[in-house]
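Dumping the structure here so I can ask a few things about it.
Naming follows writing order (A, B, C and D), and every chain is counted from residue 1.
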Amino acid sequence: MLKVGIMGASGYAGEELIRILLVHPEVRLTVVAAKIKKTAICNLYPWLKGRLDLECRDMSAEEISGKCDCIFLALPHKVSMQFAPLFLKKGKRVIDLSADFRLRDLDVYEKWYEVKHTCPGYIEKAVYGLPEFYREKIKKADLIANPGCYPTSIILGSAPLLKKGLADAGSIICDSKSGVSGAGRVPAQAFMFTELQNSFRAYKVNAHRHMPEIDQELSTINGADVRVNFVPHLVPMERGMLSTIYLKLKKAVDTEAALKIYRDFYKGEYFIRVLDGGGYPDTRNVVRSNFCDIGLRVFPERSMAVVMSAIDNLTKGASGQAVQNMNIMYGLEERMGL
Amino acid sequence: MLKVGIMGASGYAGEELIRILLVHPEVRLTVVAAKIKKTAICNLYPWLKGRLDLECRDMSAEEISGKCDCIFLALPHKVSMQFAPLFLKKGKRVIDLSADFRLRDLDVYEKWYEVKHTCPGYIEKAVYGLPEFYREKIKKADLIANPGCYPTSIILGSAPLLKKGLADAGSIICDSKSGVSGAGRVPAQAFMFTELQNSFRAYKVNAHRHMPEIDQELSTINGADVRVNFVPHLVPMERGMLSTIYLKLKKAVDTEAALKIYRDFYKGEYFIRVLDGGGYPDTRNVVRSNFCDIGLRVFPERSMAVVMSAIDNLTKGASGQAVQNMNIMYGLEERMGL
Amino acid sequence: MLKVGIMGASGYAGEELIRILLVHPEVRLTVVAAKIKKTAICNLYPWLKGRLDLECRDMSAEEISGKCDCIFLALPHKVSMQFAPLFLKKGKRVIDLSADFRLRDLDVYEKWYEVKHTCPGYIEKAVYGLPEFYREKIKKADLIANPGCYPTSIILGSAPLLKKGLADAGSIICDSKSGVSGAGRVPAQAFMFTELQNSFRAYKVNAHRHMPEIDQELSTINGADVRVNFVPHLVPMERGMLSTIYLKLKKAVDTEAALKIYRDFYKGEYFIRVLDGGGYPDTRNVVRSNFCDIGLRVFPERSMAVVMSAIDNLTKGASGQAVQNMNIMYGLEERMGL
Amino acid sequence: MLKVGIMGASGYAGEELIRILLVHPEVRLTVVAAKIKKTAICNLYPWLKGRLDLECRDMSAEEISGKCDCIFLALPHKVSMQFAPLFLKKGKRVIDLSADFRLRDLDVYEKWYEVKHTCPGYIEKAVYGLPEFYREKIKKADLIANPGCYPTSIILGSAPLLKKGLADAGSIICDSKSGVSGAGRVPAQAFMFTELQNSFRAYKVNAHRHMPEIDQELSTINGADVRVNFVPHLVPMERGMLSTIYLKLKKAVDTEAALKIYRDFYKGEYFIRVLDGGGYPDTRNVVRSNFCDIGLRVFPERSMAVVMSAIDNLTKGASGQAVQNMNIMYGLEERMGL
């Protein structure tokens, strides 16, 4: 049994990690740490009553290391980079759900996150934890930079056409919509029930911190610079995310041909489901699962492809993917517990 | 034109007052004060852009008095009682939406609200602003204690049977359900969208501060002590409130007879709609209106009446009723602007 | 591996059975039958794409019997009783989620369900599938009458006080609130999103078909006739159910004593969680689980106990409980897959 | 007082017309017709109890004409064109909320709506009822083709940049999101509460019937052919619509310059609110109002403008705009009753 700990158990990604790891057959959850006053974890999450008997409290890296083989950091950026090196130096493996090790260009990180990186040497040691693209590296990694939710949905949705050289890299538009849990668990008026039940709006147009991450990964896939337009929106629902991606085509393909490209590209990928020609990905079908549903339509006469990509922002977009990475790192069946 | 001001414009009751008064044909809204940093009211409530050009800021009673004939206090309890006397001494009329002047028994107030009353002499000057019961007094009042939302729905729902001496005063059960706006606009984790979308629960069983208010008013109507059981619940919707009231009958009546009692009791009351025998009050039908919909079923063989009473907690349960009171106080048509 | 089939796979209880059985380690789901045009089950439920490769179609009892050891009937009442005997005669075991075998008094059944029972002889063979009360009988049963959702929440919530002789059996009030999935999957205007998002209302006051079922079971527990008042309400959320139960006490106990009675009564019952004194059951904590959370407050000076009982109407209130019964019938660990 | 009738009172656009006209100071609502069994309108819409005493039933054009000066057709397309000529021949003025007279090219209409137009001669008599563009023609019109909801939000959001010749007409992307009421009031499983509460998805990618209407109107504004990409999505909320519009810029402007263009373009237009540079239109701020809130961001280095345009799909997107048209046609103050 793998002994596993969570730092940052008091946020939604932490809670989702608990939900998944609790029933994972090869894992024993030994630590749920958070910067809060000591309390039973089931006081924080009453649905855990009778199911998980752990104390949630602030713990040192030292103490956590003594109890775990693998540590999930469900911490805010800036905080993760303080802890990751401590665990790594003790020979532990770390899966970081923050952005601290995702951006390979230090300047880009420091510009977008407005903070000095305290351990830049670890950035190149980190593997970007998108298993469909970096599985082999993940197997051997000690530090996973678990992808952001928006990047996950957008990269998975646009990669096949980009990789094939079919999409114009300079005009990609990503219109994404996320459930409210993406905003985190810290109280704020903007995320009160009363403010959101009848609300739909965009935010951070081309100014969201996930944008450089998308650009970085799509550039790698494309083999040349990609710079997307990225507009996130807030949907009045708890979980789920849909990205609608507009790709200008460089060569004429039709919907069936494009679907074949996607099916071939994701062949053998259990968690990627390419829908049939008439299908529309719906967040409802992926919520609380690690699946990414992809649908598309091509309009050859417009040289336009519209790709829709749906995930659960907390699962494939965060904690589910983190567990998928853990499974790969430890040689377990990739879909175990998911 | 009546010059009207709102203190506490930054809360939901304040916002609802603005919504109503904005289109009231005999009112000019001159003050929207709140303990916040000075800003245009349309920054606080963007739906007001182009519709109301007022500055929202902290203002002294002195300054407000200079601009208003009538002041609505949409303030927390404890705060209202500091301001009401200041306005009254200047000859202004005050409609207080807090609980500070509702409870006639000082001890009861101080016990339930855990605070010393700073102007107890004003309590007896205040008129409980439930127009269907105290219209004549309201006409002449300078200080209105505007009823709480739960009390409004429960008193209107149970009064006719109590007044007729048909209901047992010792065993009344009020099972109430409220939309989330009743919890106010101050951020708290318990009221985040993510925490509530799939949540239904009771709170403050027989411990809610509206209970002594219900008891007081029903006792007056009954002519003898009433002590209800009162269990409020939180419904995942923005607005609306339903109280299901269980009354043990002392004499045999049937549904039709009971409905007739209600129709007679509320004859001429525009805002009280007694539904037909088969009708179920639905919050959907009263939301954003000042109506109270009442439906009932009597089970003579069980000596049980079940009364259902629906209002909008922010309208008939707060700001709409406050404006109804204002209309009465100033000799305007009672339903004007509502 | 137990071979299991579902009749009525196209409704919400059927879908929930699939969700649970899909990951049950000792079950192979071999049949998903429904009275619809033949289609892959993942066309009906797109979340199943890649996860369950079965065809959903109308199938004869004969054919189903050839493929299953145990059959779940997620059928409307009146339909279940046509099929149950066919399976039983072939030596299969049947778990019926309809009401057809729940009511032991034939007249009561025929009055409330307005239909002639076609196989009354099977009623006494059926075991009421509430494991916390009838576990030993369930072990040997071939036909389970799986309880209704409202009865499950109400029986579990009120049994301990009744059994102890502490509650007055003649004045029980059950004010229940259910998520919308309880209304089923057949389209109707009253259950459209647009009609319900801002709606809260009661329905079928003392006229719901679950009432005689509650009376029957509570009478058995009480050892004498019980006749509850039962008022169901519709909550604008997909799943979850809370019953607030008002019990008149015959003897003085306080909250702690009552909690002790509940804890003793449900000792060893994994799925029943009696909350601490300050706890409020919240549907959010039981959704998609088979747990029943119970909280209570006693008011000795009022001789009143208020019990709150939360379940997921589709899980402990239907399909989860059905699987719990299956586990018991086949000697599997009771919580397996749940 | 203008005597006004509604055909199609049983749908959401009809209900919204009633909501607005009920409090319109210069209108008397005399007819609420619908193809249903005769019933009081307050049985159809219980919120109208005590507020509107009209019978809703199937009525002939003859009978309606006798009671009304102006008729709103809130009918399905294909049905409107059967009735409009009957009223016009009797000298009545007609505001048609269907699509039957919106498309000036008969072939386009017949292709997209898959039906033969029965009175093509009326198409050129009809005025497209977007007051901000066609106010002078509307004044004299007898037949208004009231715009669709998506076209309203998209035309208002993109017109200023197009008109100025700043936007590339060949690459416009309209990513629109609508509340559920846009789907109408006829029951269908896809629009049940249980199916939608956690659902977000696109539908009819470049295949929605509003697309040719958008193309037609933007082409007129642009002075040359425009062919947009149009992807509508369904948001789990009752009302409200946001369109996010991506415009490729032909000349360099910055956000402030673009905002100035919008402010100048809509100068004096009460219902169009151009937000400040930092503003994000939110459906919450326009719901139940006739306002259209527009925000934008320009990225000169990308030659990209992102415009966001929010309306209430039932108000500015349907019935509110229809009443605005009526006000203009009859020389009333344009915002009266809105």
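Going forward, contacts are C-beta pairs under 8 Å (C-beta built on N, C-alpha and C of every residue); 3 or more make two chains touch, one makes a residue touch a chain.
Note that the coordinates shown come from a computational prediction; the quantities given were computed from them, not determined experimentally.
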item	value
Farthest chain relative to chain C (centres taken as mean CA coordinates)	D
Pair with more cross-chain C-beta pairs in contact, given A-B and B-D	A-B
Distance between chain centroids, defined by C-alpha means - chain B, chain C (Å)	39
Distance between the centres, which are taken as Cα means, of chain B and chain A, whole angstrom	46
Distance between the centres, which are taken as Cα means, of chain D and chain B, whole angstrom	37
Chain B: positions in contact with at least two other chains	195, 197-198, 236-238, 282, 284
Chain C residues within the chain A interface of the complex	46-47, 49-50, 197, 270, 273, 275, 279, 282, 284-286, 288-289, 291, 293
Touching residues (chain side chain D, partner chain C) in the complex	12, 180-181, 183, 185-189, 191-198, 236-238
Touching residues (chain side chain B, partner chain C) in the complex	171, 173, 175, 177, 179, 195, 197-203, 205-206, 227, 229, 231, 233, 235-240, 242, 244, 246, 248, 280-284, 287, 297, 299, 302, 304, 306, 308, 310
